[in-house]
Amino acid sequence: MLLHLSTWPEVEAYLGRSSGLILPIGSTEQHGPTGSIGTDAITAEAIARGVGETVNSLVAPTINVGMALHHTAFPGTISLRPSTLIQLVVDYITCLARAGFTKFFFINGHGGNIATLKAAFAETYTHLVNLNIANADRVQCRLANWFTCSSVYKLAKELYGDQEGSHATPSEVAVTQYLYPEAMKTASLSPEVGKGHGFYGPADFRRRYPDGRMGSNPALATPEHGKQFYELAVKELSNSYLEFLAAE
Amino acid sequence: MLLHLSTWPEVEAYLGRSSGLILPIGSTEQHGPTGSIGTDAITAEAIARGVGETVNSLVAPTINVGMALHHTAFPGTISLRPSTLIQLVVDYITCLARAGFTKFFFINGHGGNIATLKAAFAETYTHLVNLNIANADRVQCRLANWFTCSSVYKLAKELYGDQEGSHATPSEVAVTQYLYPEAMKTASLSPEVGKGHGFYGPADFRRRYPDGRMGSNPALATPEHGKQFYELAVKELSNSYLEFLAAE
Amino acid sequence: MLLHLSTWPEVEAYLGRSSGLILPIGSTEQHGPTGSIGTDAITAEAIARGVGETVNSLVAPTINVGMALHHTAFPGTISLRPSTLIQLVVDYITCLARAGFTKFFFINGHGGNIATLKAAFAETYTHLVNLNIANADRVQCRLANWFTCSSVYKLAKELYGDQEGSHATPSEVAVTQYLYPEAMKTASLSPEVGKGHGFYGPADFRRRYPDGRMGSNPALATPEHGKQFYELAVKELSNSYLEFLAAE
Amino acid sequence: MLLHLSTWPEVEAYLGRSSGLILPIGSTEQHGPTGSIGTDAITAEAIARGVGETVNSLVAPTINVGMALHHTAFPGTISLRPSTLIQLVVDYITCLARAGFTKFFFINGHGGNIATLKAAFAETYTHLVNLNIANADRVQCRLANWFTCSSVYKLAKELYGDQEGSHATPSEVAVTQYLYPEAMKTASLSPEVGKGHGFYGPADFRRRYPDGRMGSNPALATPEHGKQFYELAVKELSNSYLEFLAAE
Amino acid sequence: MLLHLSTWPEVEAYLGRSSGLILPIGSTEQHGPTGSIGTDAITAEAIARGVGETVNSLVAPTINVGMALHHTAFPGTISLRPSTLIQLVVDYITCLARAGFTKFFFINGHGGNIATLKAAFAETYTHLVNLNIANADRVQCRLANWFTCSSVYKLAKELYGDQEGSHATPSEVAVTQYLYPEAMKTASLSPEVGKGHGFYGPADFRRRYPDGRMGSNPALATPEHGKQFYELAVKELSNSYLEFLAAE
Amino acid sequence: MLLHLSTWPEVEAYLGRSSGLILPIGSTEQHGPTGSIGTDAITAEAIARGVGETVNSLVAPTINVGMALHHTAFPGTISLRPSTLIQLVVDYITCLARAGFTKFFFINGHGGNIATLKAAFAETYTHLVNLNIANADRVQCRLANWFTCSSVYKLAKELYGDQEGSHATPSEVAVTQYLYPEAMKTASLSPEVGKGHGFYGPADFRRRYPDGRMGSNPALATPEHGKQFYELAVKELSNSYLEFLAAE
């Protein structure tokens, strides 16, 4: 059940039975020579919709630009500053909490969003208290990264070992291949790839990771793998969501 | 050519031949008893992609939550505050202008975005000057509302006359029916509908327009109409985009 | 009745009979080789005071610097960023709404203010709701541009035809001549004048409109014309204001 | 020479001979039972214009709403928050410094503005450095309160002694009487008046100073006194301005 | 009684007997060739703790970075922008006022903080009103600069006359020597020292005051003087604090 | 070497041999019935100074109020909003990077700071690029939590097992006991303690963790343990700092 394809009376009816909402959030950033710039948004959106169907929950439109400032030395990357993303989350939750939603389950496709989202949740809780919104004290935001699901992680290790890396990974590329097989890209990937570095600003990031990959070999990805990852993530996150709803 | 399905080397190559980018922007807001909450984002996205294919231009991911504060008394609406949306646009354009894009063509599906977007463009131009970005003086943002295309307007008048109204209109609903026929909704619509009022805050809006429609009769919409509107908008905006690119 | 020349007990008494307030807003920006930099503020202020006298309403001090970033490549222009102007409007209305004012009638002399003001109104309504101010839901802001009054527009067409242009227009210059005949300026104006361009950032604007005029011939202005425009605007806006007060 | 009545080529010429600008700043706030709400703006504007004529300097439009949050429990008061006023000053000076102005002389009519203006100046200097504006390091803002001129202070002591007080003072009321004799107000003023308290928030202020006066007896004011104060302030501030321009 | 060394139940108990809190605030900025960069924080903290012991009041952790933008051309200086410091103060007081504190006594060691703190207090009072916090109208912030205590000022004049100067003064250096005798520094100080200038941005400040001193001769300082200043300040501010608590 | 006890010429000399700076950051928040409210700042400061001595590095003043909004339902807690803390970090690093520092090593004592600090680092890097600061691309911020040092974690497990918990832990309390033995507190601690819950807003946190502890038994702490933790943390973080400096 997609919020975008629902009417407001349908949402009103939904709120009679549930106060939960799934919010996919991704990023628009370089994913190496062969990965789609929208990888994190595409995967988060698809998995969120899968979860929504499984658990019969409403799914919000995807936040498809997140916090990716460190990727901005590569063309095509779009990023919010953390302070902007915090305000965006505050605005979203304020609207939705006034309407009666209280359980917000963010399905996230991008590691770079994690810190800012956690900061945003804290800012939001206090903002709602400041606004004297009725249910302020009952609002709960939960962050669920599909790529850190234990089942996903285990399969990635089995299939790719160290070549999973940490950005432009074969696992996330595989999910995009499963979803958009027509958009699969190939390129000759250097066997040498930046890895293991910390990184700092955008220019520094590009110096350390010149083609955008971080220790990964996305050439190992296949659409079939993608289907497996997708199904594992949907299953595991569906359970997480139900536990989240059931918890006090 | 979708930015989300492109790689960064593809964007780099694209920038060798064009500095134009199409950015769809919609809204997530109530559209009356039968209209989809995502109507403005859905229509803007589809038309933007149609334009992108026609003119061989890159299309950015859709900004699917815009400025809809006046609709927030209806559940399901999500809105940014104008000040947040301005920062979001500043962030987008700053990233993209650093990468070399200079011609930004916003295809907009929501009247409520217009004022804030114009304000955001002004804020952005000066921000880029302040940052001493190389091409700051050549950056151009253009706002193109598909629903004010003359061909679209003319057809809406022919098909619906006064019942087109100004929100939850049969023309926009028709486009969503064409795109998502499986999500068509029906409801008994009161022949009496709020219209012609100014409006102010969210509660005031709902008092004046109790079911969310503004003078419209979306029951007149058909998927076939939607196809016509879609094609007219794509054609007219494709021409606008090419003129925009060609202009100094 | 000017707020600036009133005492607080007079304002308290006024609030017993009316909750309406007229707020003139202009700009401080280049108006071509012969137009006063304060044209938009001067005209808005005078017309607002004329309306105030006609309808016996309180008139606030003039917001004489508005959103004119696109004129900032010409010396003497002062502009707020849109995000600053939004906060300014929020602050004004918050103070005044707490005191009991609910009907805010902005008489505007500058096209460049329109978008930001509309954004500011939306931001303000929600801000007041967030603050739990007593009458938040009854606060109404109305934007009334004197230069788009139908009677003004008609006369300008009759007197100047195409030479009215869209900035540094003979009609607005005429009003300043009527009000400040001692400050009339002359200069040899090129018969060729930039017109019909879109425009973007400040440097771009100056390239397209090198002497600051936009398609206008302000040499046609006379103080007598100015008197006519002034009187038409006062009359038409007085009626608008009374309708605004009377409306629910 | 008023910026508002000048053209941009006149400002350009002015910048060839001077980089100084006088900026009047006042407030819109209660001034007791008989004082005009605009007292601080009216006096600052008139004195600034007097100085401008004396020293042949350009005078900017008046900032007529300042920092008066502590007066907001009285109807008619309008105030910016300090954070808004800081942004406003940053915006003003940024525009003007880009145009070539470097010496900004604020003639201030309101004690409540002082702290925020000083903060704003510091914020502005660093903002200009951050923007890499050409003359950033030469920009100088000077705050000159007309009511703390030694000649003004001395006369007020002579004429009113302790009854000068510190808000809604006879000296400032006298200046408004001189400028707007037709707007003189009378009221029976209690001989008992709040004085000597510190004060904090708006409600606290009104509790301590129930009719808005702070230890003052504005009934002592006369238009003739006002003329004297005006002339003393103009003379003393003209000298200050010339010293400011001459100093490195 | 230090907040940092207290438990929350102790604070709860404290609030049963007092709603007062002492907040030391200093700065991290150059203090000439021999003065510690932390002089203003070190002195404010020690004196605040002395006052706290004398009057049996709780002392908050020291705000050790304040508003010192004008010193930022000297290495080691750290400053908040005024707009940041305002938000910091708003955040502090909002937390503490919700817990029940209402009397905030800032013991300040840095002249450059004064303006921004006053602005921050005004912003805070209105913020608390906007949040509908229970005791918003009773919250009081008081600024107490130890270096402007009359007893301190008198002693400094006696000991140092004109060589006290206004920054990197022997009196403040003496207090740091008393507190940290092991950190005393010497350097050959030029007998010529910048003084009497106004100052503006950071580079301007360093031009006028090349070694960072403002008219002072810190070589006159001794730890014994420091002890005297410390004791005078603690005594005088203890009285001020008690009066502040006792006042309505 | 403490920045607060250094002079600016000493800092200038230091910058000739190192561009590294250690910044302790803690929090001011409840730590259960017996833990000091300043635990996180006290421990971070002491360990940072220990590291500074070990590696001969400059140590900045402690940021003693951090992001602790979730603890604000307990009296005595002070927290910045994440958006404020981000601006604070931006301001700190901007000043210091202009002076020549490039390697910023934050020694952190509070888990709740981690997300916001990471967001702040990203915001800062881009801010410095926007400002065109000379070494913007070489600025590096590193976050080092003393409580997640592997040696610390191992010892805590050995000493306390599951009773270490995750807030008001015996390990952190032990360090404060070692540093301030005179401030040790006792209280009868319920053997039942909230643990394992997620948490959300401040009221929610207090409901789940009614005495403020999270699964911990701080009664196990001793000053001797504290000495061990302190020494392990200093040793491990000294090595981390040297690696950080040495790394490209």
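Per-chain numbering from 1; labels A, B, C, D, E and F assigned in written order.
Note that a residue touches a chain if its C-beta (ideal position, glycine included) is under 8 Å from a C-beta of that chain, and two chains touch if they have at least 3 such contacts.
Model, not experiment: these values are computed from the prediction.
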Same-interface partner of A-F, chosen from the options C-D, B-C or A-B, over half of the pairs matching
B-C
Centre to centre, using CA atoms, which chain is the farthest one from chain C?
F
CA centroid of chain E to CA centroid of chain F, Å
24
Between chain B and chain E, what's the gap in Å when you average each chain's C-alpha atoms?
53
Can you compute the centre-to-centre distance for chain A and chain E, using the mean CA position of each chain? Integer Å is fine.
46
Where does chain F touch two or more other chains at once, residue-wise?
72, 81, 83, 87, 132
Under the definition above, what is the set of chain C residues touching chain B in their complex?
67, 69-70, 72, 81-83, 86-87, 112, 114-123, 125-126, 128-129, 136-142, 198, 200-204, 247
Residues of chain E touching chain F in their complex?
2-12, 15, 28, 30-38, 41-42, 60-62, 64-65, 72, 74-81, 83-84, 87-88, 91-92, 95-96, 98-100, 180, 183, 185, 187, 212
